[in-house]
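Letters A, B, C and D mark the chains as written, and numbering starts fresh at 1 in each.
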Amino acid sequence: MVKVKVGIINVTGYAGSELARLLFRHPRAEVVSVTGRSAAGQKLGDVFPHLADMDMKITAELDRSVDVAFSAMPHKASAEAVLPLLKAGVKVIDISADFRLKDGALYPRWYQFSHPAPELLGEAVYGLTELYRRQIRKARLVANPGCYPTGAILALAPALKAGLIRPDVILDSKSGISGAGRALALNTHFAEASDSVSAYGLDGHRHLPEIIQELSLLNRKRPVSVTFIPHLIPMTRGILTTCYASFKPGKLSGDSAARELMALYREFYKGEPFVRVVDTPPGTKHTWGNNYCLIHPVIDPRANRLVVVSVLDNLVKGAAGQAIENMNVMFGFDETAGLEALAVYP
Amino acid sequence: MVKVKVGIINVTGYAGSELARLLFRHPRAEVVSVTGRSAAGQKLGDVFPHLADMDMKITAELDRSVDVAFSAMPHKASAEAVLPLLKAGVKVIDISADFRLKDGALYPRWYQFSHPAPELLGEAVYGLTELYRRQIRKARLVANPGCYPTGAILALAPALKAGLIRPDVILDSKSGISGAGRALALNTHFAEASDSVSAYGLDGHRHLPEIIQELSLLNRKRPVSVTFIPHLIPMTRGILTTCYASFKPGKLSGDSAARELMALYREFYKGEPFVRVVDTPPGTKHTWGNNYCLIHPVIDPRANRLVVVSVLDNLVKGAAGQAIENMNVMFGFDETAGLEALAVYP
Amino acid sequence: MVKVKVGIINVTGYAGSELARLLFRHPRAEVVSVTGRSAAGQKLGDVFPHLADMDMKITAELDRSVDVAFSAMPHKASAEAVLPLLKAGVKVIDISADFRLKDGALYPRWYQFSHPAPELLGEAVYGLTELYRRQIRKARLVANPGCYPTGAILALAPALKAGLIRPDVILDSKSGISGAGRALALNTHFAEASDSVSAYGLDGHRHLPEIIQELSLLNRKRPVSVTFIPHLIPMTRGILTTCYASFKPGKLSGDSAARELMALYREFYKGEPFVRVVDTPPGTKHTWGNNYCLIHPVIDPRANRLVVVSVLDNLVKGAAGQAIENMNVMFGFDETAGLEALAVYP
Amino acid sequence: MVKVKVGIINVTGYAGSELARLLFRHPRAEVVSVTGRSAAGQKLGDVFPHLADMDMKITAELDRSVDVAFSAMPHKASAEAVLPLLKAGVKVIDISADFRLKDGALYPRWYQFSHPAPELLGEAVYGLTELYRRQIRKARLVANPGCYPTGAILALAPALKAGLIRPDVILDSKSGISGAGRALALNTHFAEASDSVSAYGLDGHRHLPEIIQELSLLNRKRPVSVTFIPHLIPMTRGILTTCYASFKPGKLSGDSAARELMALYREFYKGEPFVRVVDTPPGTKHTWGNNYCLIHPVIDPRANRLVVVSVLDNLVKGAAGQAIENMNVMFGFDETAGLEALAVYP
């Protein structure tokens, strides 16, 4: 069986190295080129000992003969890196935010740059497989969702689609520290981050417009107001998002409400290989290293409020794993190819 | 200077041992009797090496000649333990929930026992010094607030008192694992708890009625609806609570709103020795081992919503430290006596 | 391809659940029966959410139609559980210590029980593949090595075999907390174990006779004196062992010594799929969730001493992974079958 | 009571901020000047929220009117900073390594600089109070011991002084990550450091010559050979050192040996306020935030070897606390002044 040839742009960050880890065992794909700016010329295993078996050299530029390129570059640089690839006919899965927002005018405001190819924003498919599988199949450019948006959107999609809740939601997210990336910063220094939890992005996190865009699309294109507060948690991987929303009058009340809610969520995700609706509150550790998103919806009957908890591994379903899931859909592979390993627990 | 004689009931839990740690250096108090069921007969330093300097023996029963007793017993057992002491004229600061709720009927429902002395519920003073200092001064029975309620109430009190917000709030709390106590359980096993965050108490945590009671009192005695979801965080100490509430129409809007909000909070806590309203998002680690509650109020202008973050050390301001603060007020000591040490950071 | 039918005795501990995790994706084996005492009757996914995909029920007794049984029972109980299986013709890989020691007299002293089948101690093969591959191929009973012995023996084997060092070694081991098992104990409580390191077993850890036995065999059957001090580290997985030994006079001195040492180690482990001799000091995290043992030998020229650092995942190469490696050898499968996944990092 | 005026050079590192934390509550000292290069002009509480109560501004240069200056500068820069202060008559306690080594020729080799004032190396007193109390009393320049040397020397001093052990010791140290300082580096990034342990400095850590110097002085000035391997542990504070040494022939054997060893250690440290010889293996967490060094000496009878475990908080007894202890001795204060707080546990 011929394997597709894969390139990874910026393999030296955590999303990039996670792509390498997962793709190395993919039955239908072969990583043939990996890039990294500062580490160009080094062996992959010298930068990441756990990838020593891959025996590849990091280069400055991507080999353009690849069939598909994953970009794990920071925003702005990512768009610049993938545009020539797209022109050269390479399929692209962009893990940065550069093709997620449909409205190009949002980039200067939220990401401080003018988008170099706004004409592609309409074409790019938002790579949340559970919602856009059909479009991803034919896409040549997939915008891989952000880690926070993935957990938040999957948690609220069934309720929004069913018209259960008012269009004003609160998302309280708790993220492991790998979400802040591999670059050095005081807030990711072990001595500062361990044994502490703190909120950040209180004046507006960059994932907010992405979440609003997708939740509003789910809400029959009517705008959803979102308060989104992320928190830094002293763990390496994982995001837990607690979602709060008020039920519309007359929706889901009475003794059977909890059961109906659970049934609605189960039905929505029936057959989905990477979403599991669970009966007990999940921990992020239940998804360590794998591509699951676990969702636990409950009702606060005193306040007539929906509370949904979702957990995922920010580097897998929140980044590299979902990107591979998208590749699998784009190339017609089994959707779980390369993503079968169970979570590593404890 | 004569020191008050202090007893600690159940010194072998984390609240009890924290009382011992802090009281050992108190200039006006002397611990003369400490009890513990399973450890009776052992030396305190054998159970807790960090308390070896105290050179005390743990006994089964409290020496009744104490001037004041702190009870760190679990609920129900605590009421039973302190009733004879009260009758004997000993002042009591109860760290359990047994005298926090004014409505005795709530105990069977939330704590699964009939209160043995409901007539004391009216007399007992809720020991949140910032709100009840005057009453604590003359109290002989103080109900020390729960760890979650302390952070939540202090975070919302200024806004509720000022009538800024609607009486429907969401409290998303993140607690370190010492909050679950020293008793053994799978969810506090290091291998299960580390590298994971999870929600619990989704069907109603025991601190909820206490929070509702106090927030409603602050809201001119009109009921406040509360959704409260606690989360377990892989750290030993600390609680961060993120509070969400909608502003009433016409309140705090426009360009100066953020400034006015900050001014209102600063004014409310002016002169308070243990509350600091801070300009940047605080981390729980900033309060490690000390009695501060740090509060950071902001506005989400997109959703016209108040967001307040508070942090404290659950074993200090959330338990033992606040209990000592109450003792200081009851006995007319300097409120900060024994509580002066700065947080241990990092 | 017909799969071998596998049973796991005591799937509810960490070694047992790790066997389940790894075997679920094994191309040549199928788990058909899992047991657990307290959890009998429950679904595997209810006890371990990360194993929900396995959709198996935990039973009290093992299905005896299995081809091979892994026992993850505690010592003594393990021997009792596997004896009837052996009689019934089932191949057994015992993760407990019950068949590791060749001298049955050591069991009463180190494990406080009389061995029920001392006649099997000669037959049982010590399952360190790198040293006993030939014997494992024909074994019907494999004693899977202890987690500490695995790292220590692999670290010292090349030097001992080559006669480089004096027969008096020091092993200073640092283990993650899953090594203490899933049973509840105060020293594995998160609040006690986090942010702390401590030594234990100072009066003789149970793995000591096993280490002495195997190192002595490597030393041409001449006894090796071993000081072994294990330490508990605030991490979930991983063991790092630092080994210290004095060089025999005239061995490996001079400018080329370091290079010769490295060459000797590389030669010793040439072709081994799960041992990698590395040029830089490895971290335990480099082996998270996979079956590698990384070894870094250096010389302290000032003290004319060999220092070897080895790291592995105590639940994989130190338990379940090595057990599967043994199964692969026993059944003639590819040695890496089911064990190909790279370490999850970071 | 007039307080001595204290200055802290480089308050913005972890040793510097720990000095500030501890000195703020010192009954006989007042911090009047704090410096920091990059943070000059900022308020102390803006850099370190836990120090907000100090309400001081960080300056570029130290106020020379101080009575005593603590230097928490890196090596080389520290010597340069304190020389003018010494000339100006300020007493100096240097936390860097710049005055620890008696042999100036060691600086180029181990610290890559030529010592600017080798004539002071003889005068400088090595500030290990337990060994040099008499000299510290009259010192104007104290070289505060390194964090690793403190734990190692205190652990071995009684045995070496008594002539029990051979002059060839192994020190296996485990340090929390604050020991690596507040500067940013990949190995202190939370995602890299958490859940991992690794050895470093295998080709010779800078604390080695300091340890050799002091152990040799204890050994009647006869050289002691030292193998010293430090390890990085995923915790913020704490060092545990496990020391290994062979007994000289005829020393401490037989049934009473363990008891005699313990008695010898207890006698050696009798009356010492900050060393406690303990009967059970200590954890680093037992010293969190305080100035104790706990020592646990045992015998490995099989190998006729002494094993001593010592624990301390690297930022307190290993740095700032010991520096204050030295100040207390230099100024004739109670040795425990400012250092009375018990460890924060758990």
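Please note the rule applied: contacts are C-beta pairs under 8 Å (C-beta built on N, C-alpha and C of every residue); 3 or more make two chains touch, one makes a residue touch a chain.
Note that the coordinates shown come from a computational prediction; the quantities given were computed from them, not determined experimentally.
Undergrad: I need the common contact partners of subunit B and subunit D, sorted by label.
TA: The common neighbours are A, C.
Undergrad: For subunit A versus subunit B, which are copies of one sequence, does the interface use mostly the same residue numbers on each side, meaning over half shared, or is it different?
TA: The interface is built from the same residue numbers on each side, given that over half of them are used by both copies.
Undergrad: Can you name the chain that lies farthest from subunit B, using the mean of each chain's Cα atoms as its centre?
TA: Farthest by centroid: C.
Undergrad: CA centre of subunit B versus CA centre of subunit C: separation in Å?
TA: So the centre of subunit B lies 46 Å away from the centre of subunit C.
Undergrad: Mind checking the centre-to-centre distance between subunit C and subunit D? Centres are C-alpha means, answer in whole Å.
TA: About 38 Å, centre to centre.
Undergrad: Measuring from the mean C-alpha position of subunit A to the mean C-alpha position of subunit D, what distance in angstrom results?
TA: So the centre of subunit A lies 46 Å away from the centre of subunit D.
Undergrad: Do you know which subunit C residues sit against two or more other chains?
TA: Each of 14, 176, 178, 191, 194-195, 234-237, 282-283, 286, 288, 346 in subunit C touches at least two other chains.
Undergrad: Within the complex, which stretch of subunit C touches subunit A?
TA: 14, 17, 21, 24-25, 48-53, 178, 194-195, 236-237, 276, 278, 280, 282-283, 286-290, 294, 340-346
Undergrad: Touching subunit A in the complex: which residues of subunit B?
TA: 168, 170, 172, 174, 176, 191-192, 194-200, 202-204, 225-227, 229, 231, 233-238, 240, 242, 244, 281-286, 288, 296, 298, 300, 302-303, 305, 307, 309, 311, 346
Undergrad: Can you tell me which positions in subunit A touch subunit D when the two form their complex?
TA: 14, 176-178, 182, 184-186, 188-191, 193-195, 234-236
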